[in-house]
Amino acid sequence: MTAEQEFDFIRDSLDHCVKCTICETACPVAAVTPLFPGPKYEGPQAERLRGAGPSVDASLDYCSSCGICTLACPQGVHVAEINSRARAVMKQQHGIPIRDQLIARPPLQGKLGTPVAPLANFVLSNRLARLVAEKTVGIHRNAPVPKFAGRTFRSWARRHPAPATAGTRRVAYFHGCSTNYFEPGLGEKAVAVLAHNGCRVVLPRQECCGLPLQSNGIFDSARSYVRRLVAGLAPYARQGYTIVATSTSCGLMLKREAREILGVEDDDLRVVSSQTYDICEFLADLDLAGELKTDFQPVPLTVTYHAPCQQQGHNIGKPALDLLGLIPELTVIELDRACCGIAGTYGLKREKYDIAMQVGSGLFGDIRAAEPDLAVCDSETCRWQITHGTGRTSVHPVEVMYRAYGLS
Amino acid sequence: MEEGRNQNVRLGGVAATGAAVECEVLVVGGGSTGVGVARDAAMRGFSTVLVERGDLATGTTGRFHGLLHSGGRYCVKDPQAARECIAENVVLRRIAADCIEDTGGLFVTTPIDDPDYADRFVAGCQATGIPVEEIPVAEALRREPRLNPRISRALVVPDATADAWKTVWTCARSAMEYGAKILPYHEVIAVTKDGDQVTGVIARGQDGAEVQIRAQVTVNASGAWAGRIAAMADCKVQISPGKGIMIATNHRLVQTVVNRCVMPADGDILVPIRTVSVIGTTDITVDDPDDWAITRTEINQMLESGENLVPGFTSSRAMRVWGGVRPLFQDHAPAESRDVTRAHAVLDHRARDGVGGFLTITGGKFCTFRLMAQDAVDAAGKVLGVTRPCRTADEPLPDSQERRFYQLSSRLAEREQTLLDEQLICECELVRRGRLEDEAARRPAPSLDDLRRAVRLGMGPCQGGFCMYRATGILHQTKHLSGAEADRALLAFLEERWKGYYPLLHGDQLRQAWLDNWIFQGVLDVQHLPLADQPRQQETATGQAT
Amino acid sequence: MNGPPGARYPDVIVLGAGLSGLVAAIRLAEAGLRVVTVAKGYGSMRLSPATIDILGYRPDPVDSPAQALPGFAAAHPEHPYALIGPDTLADSVQWLKEHVGTYAYVGDPGENMLLPTAIGVPRPSAVAPETMAGGDVRRAGPLLIAGLGVLKDFHPSIAAENLQAATTAYGRAVQARPVMLHPSANGPADVNSLGLARQFEDGAFRSAVAAELRAAVRGEETIGLPAVLGMDQARSVWTELQQAVGRPVFEIPTAVPPSVPGMRLARALQDRLRRAGGRFVFGAQAVGPELRNGKLAGVRIRSAARVTPRMCRWVVLATGGLGAGGIEVDLSGAVSEHSLGLPVHAPGPGETGFLPGYLSDHPMDTAGLRVDHTLRPVGPDGEPVYPNAYAAGAVIGGARPWREKSGDGISLSTGYLAADAILKEAG
């Protein structure tokens, strides 16, 4: 199948729509605002009326790209993908705000912010500075922007190379931008957990996967970002390395969004895609095969677990639940909420912030009610949003495993 | 601009008075030709009445694929028809822009086509005045990425698509604004004569009441049914009804009209019209324009034709199949239907049959309807002894004054403005509640199928599954339908829809049909609607598969 | 016996998250088995009015499904009910009532209620949410059918007129009259049933509705409202509304999806399964059996990026019928089942699947799997295709669920029975 045909294959999935409305009942955005007419309307319905002419349905911009509609569709319509592509056309025609250009480029932020982290963090937490940022570029003053770590994961990794003798499972770790610039500790723990399970972890050269660009409708740049990334990962995949990701949304970019939304189709992507695993998926598969180390120490804590929308897009269920369930004395409360609202960069935007917070309000309420020691969640932007919405510390599942393995 | 601003015009209702109606020009037939004649005659100041046995545009006009010919299709085989097409193509773009989408057309040589025809085609276009430009195959594929990549030639002509219903309704509205009376659901049961002079007709209304319409000249514009009307006046008109079937896909696969560059043949055209693509068509001579069937073989033939133009066509969602009968006129015994000229003729029956005050306008095609009307009214003027100039080539139809072509996205753009303010009744075709209610208010007893044609209610993928309960409930609540009428209307619509898709049910459309069944039979239990009699079998099977 | 030493494969993979799949999965999980439910999307229960219709027409109206079933089964040996004894059916109904949490159900297979539809047809259902049961026209007094102006999927005028006509024809005329409510003048004009259900959970909105109803209701009327009275708090919304109006209130399922009662039931059952330790995999599709030495060892599941064999001891196939895509018909007319590649009993290519009349009995209606007495799909020889694969719900052929009003009863009882069969084997 050529890229063009694959592209059409995704769009043509609108033919499967029987109008059943299940996507609309699942849509977290339509649930809180009438400004978004819903995924069925914007997706398979409106797509039939979109010609080659100008984009006429600005309401499409309220879609957060969470992908729950595609997940929910019992007929196989790629609702979110159709919407993302239509929105990209719209944004190309209407012009992409400087704000979206900025927040869509984490490596740029990282490279600028990391060396001057204290200053950058001060600015980001300064009310006046944030008010100015809201007025000038449209990033909401209260939105949960991450803090720069002041060091990068890659600099740590250079100082801590894997011993040549370590492990027989060959894993290439795809850490993503956020781990590198904002949460290097997560990367350190992920490497340790993988190594503990007999993985020999290598760190391919890598840059941004282009997901924020894609979700902001900047497809051309997103395509070149993801092509560059897979070109770096493909040699490892061809040598039989499993590519393991801790950023569940960036992993999903490699698995299917690059192909289904951006229309990228090449051998590099194909081989990388088929060998990319979310870290919990990878570890849970080891567990299914009876090969996961289960020498867990008791962790007498109560945690909530929220599977973010992008994690659900992997269509693998919630492997983190199975993994956390192996840890003695750990009480895990599964939260049945679709989305925290942030949806990558959506909730940062001045005009979307309130919607995002309303989307997340159910989740926040559940977490507050559960009074957990930690709120566990696979996706970085969701963790920041959860902390913003609840005041609770939020961690990735492997951070809990790291602790249970006694690796600290 | 969107249609639906017809609020000032109400239809029908004359029969109820029981009074005789007098006019100068009486038109029999409410297709594009008949309505065109009525508008032309009214614009020339003749008092005009039109009778139609069903709703407007429910015969051949409402049952074609929507192509506004450039004439390219006929440029080699039937140059006269081609010249008429291109001339009228230009006129209609000027006067009916709102009903036309300027899609452009491509003639492509596919792997199964005679490679030499393209040169004859170019010569034919040049000879008949059709603008034609050859473009590289790669450019054609860039414009239409789904097109068969193995095409060898690609020629651009000014084909377009036209919404036949919208055109007819807008013409009718204009005719009424000029004083014409338009009487749908008035079936001619007799042509009245005084000696060898036709004096009008007796028509039966929906309620069974008969109305006498007296006219100085009667114009038979009943298309494929013209022989039947003529016979009522003891005149002979030989029509060779040519059946063509068409299949609509769930969404547009091409944005340009795509023709096979061959002599006219079955399955030679794929037309993007409104939200769908239509593959057409066959051409089989039938005996009776009201009695014929669609066969599985024809359906498969059309789907395979689609596959030849657009690989993957057969796996896309086929939504609905229907057929129409072309009114091909010939003076001699019928030959193969494709060999009959597509040009039109005005027959003055005084000369042919010794019957005065009676004209038949026949042959032709949708895109020449205005010219046909002009010729017919010219002839009527002669009969009346009055010469008044035709103005239909210059005066735009209502809503077309600004000469902006219809855009596929117009309803989406319109809906965007009313997202919070108005209910959306048909979600597939974005029919607003106001549009439905306005249209219902213009009709004495609206059937859901009439509303479907008028506002595209239930024309989309779910084929009424989601909007028909809504429409029934609204029409009952607003007292346009009594309880019994509502129950019957809903069941009649469900029967009608079923007939349009059961012959090709598979894949996605089958899943849709099952969900619709669940809604109507499972959830609503329409089988046990108390006020409907057993659903009546359709008396006429026009265009329905059997 | 199942995979390499130490492997922790689930015991059962249930394919499909509709009524039958959820019932089977909950029973199995509550019995201590490890169950994974794999579904292409959210289940079709969200489209269902959530009544449990067991048998309404055969085609004459059925007063008591329990009494009618033996005769019906004998007359229709290919029907799934021919495999379901009356006891199993009654047990499964009882089981459901005990597993829906606060979303209480009433009724039993002993008699059909006649509950109004949104177009006013009294429809036979044996078991229904308690919020709907008050509409049973066999017992109802005069009715006030109330719609909401913003809701296009419920029209009280046509419902009331038909209801009155239908009950008159049945010999027990029920007076019914319509009223349209407009409690939120400034909100959006177009709100679907789910949106209204959310609004009904707001006390101020409820008060506004109650005030309009108090003004409209006369004498001893019972009030029928569209089934939008709350989502998670449906029971308290319903109770409070009745108190506020001072008259009994019942719900009528809306005409087209989404169905609020269906969503309530789906949520209740999914929560139940989660609490029993069941796992869901949504957005994934079974694309074929995973065979080891000719035996069914698992299911091939397509998720993002790849197809993976997922191993298990038993498979429950609850993927639905022609509507859900559990059974598919292609252009040639060939009918097939893709999740496990099982043989389907249906009209073949070239045979007549559909007749010209919409309400005819179409040969294709009954397309589906044939199963043995423990619900294992069988081949043409009548023998189970796999000893460890079971079917439940609409994927089993032989019924005309919308005509018979039998779909929920079939799904519930076959889901229940499939779990039974596996539990017996699991010991």
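Residue numbering begins at 1 within each chain, and the chains themselves are lettered A, B and C in the order written.
The criterion applied here is as follows: a contact is a pair of C-beta atoms (placed from the backbone, for glycine too) under 8 Å apart; a residue touches a chain by one contact, two chains touch by 3 or more.
All figures in this text were calculated on a predicted structure; none of them were measured in a lab.
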| item | value |
| --- | --- |
| Farthest chain (mean CA position) relative to chain C | B |
| Centrality ranking, top chain (CA atoms only) | C |
| Pair of chains joined by more contacts [C-beta pairs], A-B or A-C | A-C |
| Chain B and chain C, separation of their C-alpha mean positions in angstrom | 42 |
| Centre distance in Å when chain A and chain C are each reduced to the mean of their C-alpha atoms | 35 |
| Separation of mean Cα positions, chain B and chain A [Å, integer] | 51 |
| Contacts with 2+ other chains: residues of chain C | 47, 188, 256-257, 324-325 |
| Contacts with 2+ other chains: residues of chain B | 419-420, 465-466, 511, 515 |
| Multi-partner residues of chain A (at least 2 other chains) | 19-20, 34, 75 |
| Residue numbers on chain A that touch chain C, as the complex places them | 19-22, 24-26, 31, 34, 70-76, 252, 254-256, 273-274, 276, 287-291, 312-318, 321-322, 334, 336 |
| List of chain A residues in touch with chain B within their complex | 4-5, 8, 12, 14-20, 34-35, 37, 40-41, 45-54, 56-59, 75 |
| Touching residues (chain side chain B, partner chain C) in the complex | 303, 314-315, 419-425, 433, 465-466, 469-470, 472-474, 476-477, 483, 486-487, 490-491, 494-495, 497-499, 502-503, 505-507, 510-511, 514-515, 517-519, 521-531, 535, 544-546 |
| Touch list for chain C against partner chain A, complex | 3-9, 36, 39-44, 46-47, 187-188, 192, 194, 198, 256-258, 263, 270-271, 274, 279-285, 302-306, 311, 324-325 |
| Interface residues, chain C side, partner chain B - complex | 47, 49, 117-123, 150, 152-159, 161-162, 165-166, 168-169, 178, 180, 188-190, 253, 255-257, 259, 321-325, 328-331, 333, 353-359, 364, 401-403, 405, 407 |
